[in-house]
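The next part holds the structures, each set out as structure tokens.
Next, two complexes with subunit A in common: one pairs it with subunit B, the other with subunit C.
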Partner chain A sequence: MMKIYIDGREMQVEKGMTVFKAAENAGIEIPHLCYHPAFPPEGTCRMCLVEIEGLPKLELACSTQVKEGMKVHTKSEKVVEARKGVLEFLLAEHPLDCPICDQAGDCKLQDYYEEYGLFDDNFSESKDRREKKIKLGKHLIHDNERCVLCRRCVRFLREIIGTGEMGVFERGANTEVNILEGMPVDNNYSGNLAQLCPVGAITDMDFRFQTRTWFLEKGEAICPLCSRGCNIFIEHHRGFSRFDLPKRVYRISARENAEINSYWICDIGRYGYHSLDENRAEKIVANNNKSIKNYKAALTFFTEKIKRLLYKKKTSRITLLLNTFLTNEELFLLKKIFQDDLGVKNIFFIDPPAGEADDILLTSDRTPNKKGAEELGFEITPFELGDLEDETEVLIIFGDYIGEIFSPSDIQAYFDRIKDTFLFAPHKSEIDSIAGIMFPTVMTPEKGGSLTNVDGKVQKFSPVLEAPEDGKAEWKILAELGTKLDVNFKYYKKFLSPEEIFRQMQKEIPFFEK
Partner chain B sequence: MSLEFSDKTKKTIYKIIARYPQKEAALLPVLHVIQKEFGQISAEEEILAASLLGISQVKVREVVSFYTMFNRKAVGKYHIQVCSNLTCTLMGADNVLNFIEEKLGIKPGETTPDKKFTLSTVECLGACEKAPSMMINFDYYGYLDKEKINKILDNLE
Partner chain C sequence: MKEKVLSEHFSIDNFFKLDVYLKHNGYQAVTKALTELNPEKILKEAKAANLRGRGGAGFPAGVKWGFVPQNGDKPKYLCVNADEGEPGTIKDRYIMTHNPHLLLEGIIISAYCVGINTAYIYIRGEYENIALRLETAIDEAFQKGFLGKDILGSGFDLDITVHRGAGAYICGEETALLESLEGKRGNPRLKPPFPASIGLFQCPTVINNVETLSNIPAIILKGAEWFCALGLPNDGGTRIFGVSGMVKNPGIYELPVGTSLKDLIFKYAGGMKEGKKLKAVIPGGMSAPILKADEIDIAMDCDTLMKADSMLGSGAVIVLDEDTSILDVLKIITKFYAHESCGQCTPCRIGNSWIKKIVTRISQGGGKEGDIDNIARLASNMLGKTLCPLGDAAAMPILSIVKKFRDEIETSIK
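Right, the complex of A and B next:
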């Protein structure tokens, strides 16, 4: 440890730390474009210049290490003048086309321009015109005019992903960041480049011209598309009072978590959000009983069917199809109600088939909570249509993935003889017509709960988006079902939030204690 | 069509690579050898250099496009580089360039149809004492005027 002073404040810092990091830890912000905590300092943008007493020139905060007794000034007149100068050169060829730039509102260069810009610059020459629409890859567009040559994109592809599709070509005023002709950025992490770009040079085709960043709210969530459990922001728009928007979610971005996903997420997670707004099931569908019009009636009907089998001691006629998109709390309730209270043995899982894992983030399980289900004591038996026992009277299906694995005609053929099929699904699908009652459910960002990732890390989350009209979180439906079944009324009655279910889980299952 | 080195060049290249602790470090000298052998460093030669040194083509392109002495398009038998920097310009580099353009009928960056001459401008040749100056292949010529240029160019076969 050593003592240094930043802007007159005395602080203790570790040996070998950079001035930038020391300032950051003390809450002192130093402007920067090329510096990113995931990479070693690059020192190309020159925005982080600071004054250090005893040194003749300004130094780069990002690459200068602290020294005992060092006195640093980050806001002195000399520093501010230098920043203005650096910015003037960064903007010498920058088009300042913020009004049509997706990054506007989220752009460091724009922020620094507000603070340090010379609003009448000294350059009288016209700016160079460069290519503004280079297709870098499937998801990305590169604007060479806006680029400030921070090289974050180049470093990310080389140091983190190892594919190295991008390079810095030419030199001097002609320097540009680009790909080789015919060799696009083609990896499952390309979307990170748009998020990593500190300016609007690399933009996301999925987000391009869709909305302005200042309308977006960032909700903290967990990516449900593989078992890594990457931390994400769901950037959504609440709409305007005068008109509705076609969708709520506009983009997904990576949220820092050093233990799980660092600063990155894969493209599957980044672009897999469209199902949150497309084809959502909003109303109860009751096919064989037209008198059921609302959730309450549907749940009563559902409960009665199960109760009847319970009283007849024929709960073996119930088959349960689950999935590992369900949260720990939901799987726990399912286990308590169906396995412990009712003694149901026919429990199967319907999950998307395993995909290819990479050594970076993506795992082979394409659901978020397989580990959680295992820790809760479920045996994950994948469902085949032939598994359906002849005597099955009540079939309960969670999730709509069944329609993607089996053809509707096959499902129809097998399910036809079953008296009562209950479907709990977030999307409309062809299976709705086969089910007796379809309960609209919510998707992971619309509910609270916890997921256990592939390494056994339990992550809690709260709802970010509102549920669709009749849509209910599965844990809520299950807690109500447990109460109504009247086997163990008091036990289920207290479950008014996922938090309470989690506390109960901690009492019963040692894995969740920590 | 993949590029092949002559056996002699192959030996030279292995010798060069052996000089460095890391293969990648041999990039510049290897590129010079490649340029000498094939007359240019286009995408094909970049791929060759990349595979020789176990690096990506992107990294080779970064180097090739940074240094002006690598020709990404084939040049003529004589590569005329006219200095366009300050001292030479003060001493009449513009006239020199205009005269050569007229004489050969090509602009900077172009090659004569008979592939004999390629003309380009270059920043400081480091020969200010002889301004205005130019370089033809690896030979320097200074104190240029029309007469002298005529004599030099006419004597080249």
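Right, the complex of A and C next:
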């Protein structure tokens, strides 16, 4: 540890730390564009220049390491003048198209101008015209006029992903970043470029011109589309009072987590959000029994069907189809109710087929909680229609993936032999009309709970979005079911939130203790 | 006649050939260094010679060698900067054309001193014939056992490769040179780390200019004391001054460090062409701040010129006469730096292009009040704030011109 002073404040910092990091830790913000903590310092934007006593020139905060007794000034007149100067250079050739720029409101250049600039425009020459709509890949558009040449995009592709589709071309004021000929940025991490870009040069075709960033709220969530458990922000719009928006979620962005996903997410996770708003199941569908008009009646009907088999000691006639999108808490309750209390043996899993893992983030499991299910003691037996035994009277299905694997006519043929089928699914599908009752459920960002990632890391999360009309989180349905089954009902009474379920899990299963 | 270290034999026919070179005591310095001296002694001698770098920055060569860590397990490299891109500079081409073996001797001795077994000569692309000549000289030296394995039975190995640049001024900046040599875009690196510790291929690297290294054989043969005495105590030896512009006899002149600029122009280069009056001198390559006619009574050495707010740089003296339009000079300078900026860092990329736009506008008759102040302000915003010295190299001459010739530029605006 060594003692340094930043803006007169004494602080103890670790040897080898940069001035930038020391200032950041002390809550002192130093403007920067090319610096990003994921890369070694680049030193090209020149925004982070600071004054260090005893040195003749201003030095870069991003690359200068602290020295014992160092006295740094981040807001001295000299520093502020230099920042203004650099900002003036950056803005000289920068187009004034903030009103139509996706980055506006979220733009470093705008922020810094507000803070340090606010100078008159001395640039009376004509601005260099450059290409404004270069297609970098299937998700990305590049505007060379807005680019500040921080090269974060180039470095990301070279240093993090290793694909190197982009490079720097020409020199001097003609310098530009672009893709190498015939090498579009179509790798599974391309969307990170739009998020990495400190200005509006690289924009996301999926988000382009859809909304203004200041309308968006960032909800902290976990990506459910593979077992990595990447931390994400769900950027959603609260809407306006006078008219309805076509959707709630406008984009998903990476949320930093040094242990899991660093600063990145893959494109599967980033662009997989459309299913949060599209084709959602909102109302109970009761095909066999028209008297069931609301959720409560449907759940009572469901409970009675199970109770009947329980009294007849025929719970072996229940078949349960689960999936590993379900949270630890939900799988725990399913295990308690069906395996422990009812003694159900026919438990299968229907998950999307495994994909190819890359060595970056994406895992082969395309669900978030396979590890959690295993730690809870489930044997992950994949389901085939032939597994439906002739004696099955009650079939309970969680998730809507069944319709993706099997054809509706095949499903229908099997379901016809079963008295009661109950489907708990977040989306509308053809199975809704085949199942006896369809209960709308919620998607991962609409509920709370925890997921166990591929490395056994348990991550808790809270709901970010509201549930659809009749939609209920599975843990809620299960806790309610538990209290109504007359087997162990007192046990389930305390489960008013995922936290209480988790606490119970910790008591019973050593894996979750830590 | 003054004593010459580098150009003494330039006029001898076929001196670039090894057999001719050997007849004039060629490779005696290498023989002495490798058979009689150890690396420590050579380093001591190089330091004592006060040989300042001839590439532009004037950093003492011996001190530079001393920065290379000697206990690592990585290979070390020597890169010879033969990129000679500073406008006005013509010295290295003469050395390499007429005396390539002198450079090779300098390379062998310095490599031996620092413990280097691989050297690269990074030569500017335009010097195609000179590159071929160097390659021939290297082949000859290999055949005679001055290069390759176990040179002169000393156990020391050295291989030299000639690498041609592709026409970028920035590749004369030492770290951009390294990037280019590694096959990458020629962009300067952020320093620290300095090349002495992390250079070519992430290994310790010495980078020296052609003229600097070519002085080494004489220092080995005749001693540091003799070398120092040729020039000044703190800036030893001679310099090859390249005089261009409106003088009677433009060309190269090898003269002691500290020779007066006035003598260089009026005594050696024959004075002004056609009897014109001297207007100004750029004393050390285009990036050196300009000197007015009344400022030329000055010694040509690193420290004196620095005190006069200019620099000796590469020793390239550009002489301007009374008919030269200073606005044209400014236009050439700004156009050059805007064209040669690598584009990596903001102030240099935009600053040079912006200043060029203003100067071009003025020269086309569109000058406005405030333009000169704006040029000075923008140049100051580049000065000391860029990633590599190119920003300073552009800002310094521009600032000196708008300061010293403001009146003349103003006449183009009104």
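Heads up, the rule we're going with is that the second predicted complex is superposed on the first by the 512 of 514 C-alpha atoms of A that agree within 3 Å, B and C clash if a C-alpha of one lies under 4 Å from a C-alpha of the other, contacts with A are read in each partner's own complex, and residues count from 1 in each chain.
In the analysis below, a residue touches a chain if its C-beta (ideal position, glycine included) is under 8 Å from a C-beta of that chain, and two chains touch if they have at least 3 such contacts.
Every value quoted in this text rests on a predicted model; they were computed, and no experiment measured them.
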Using the superposition on chain A described above, determine whether A:Leu180 touches subunit B (first), subunit C (second), both, or neither.
first
Using the touch definition from the top, say if A:Lys133 reaches subunit B (first), subunit C (second), both or neither.
neither
Subunit B versus subunit C as contact partner of A:Glu93, first or second or both or neither:
second
Name the contact category of A:Leu149: first (subunit B only), second (subunit C only), both, or neither.
second
Check the residue A:Glu170 against both partner chains and state whether it touches subunit B (first), subunit C (second), both, or neither.
both
Looking at the overlay, what does A:Lys57 touch: subunit B (first), subunit C (second), both, or neither?
second
Going by the contact rule set out at the top, does A:Lys290 touch subunit B (first), subunit C (second), both, or neither?
neither
Would you sort A:Gly43 into first (subunit B), second (subunit C), both or neither based on which partner it touches?
second
In the superposed model, does subunit B or subunit C contact more residues of subunit A?
C
Kindly list the residues of subunit A that each of subunit B and subunit C touches, one partner per complex.
167-168, 170-171
Complex contact set, residues of subunit B against subunit A:
43, 56-59, 61-62, 65-66
Give every residue of subunit A touching subunit C within the complex, in rising order.
41-47, 49, 56-58, 60, 63, 82, 85-86, 88-90, 92-93, 122-125, 128, 148-149, 167-168, 170-175
Contact residues on subunit C for subunit A in the complex?
168, 170, 185, 187, 190, 338-347, 349-354, 357-358, 361, 368, 374, 377, 380-381, 384-387
Residues of subunit A that touch subunit B when the two form their complex:
164-171, 179-181, 183
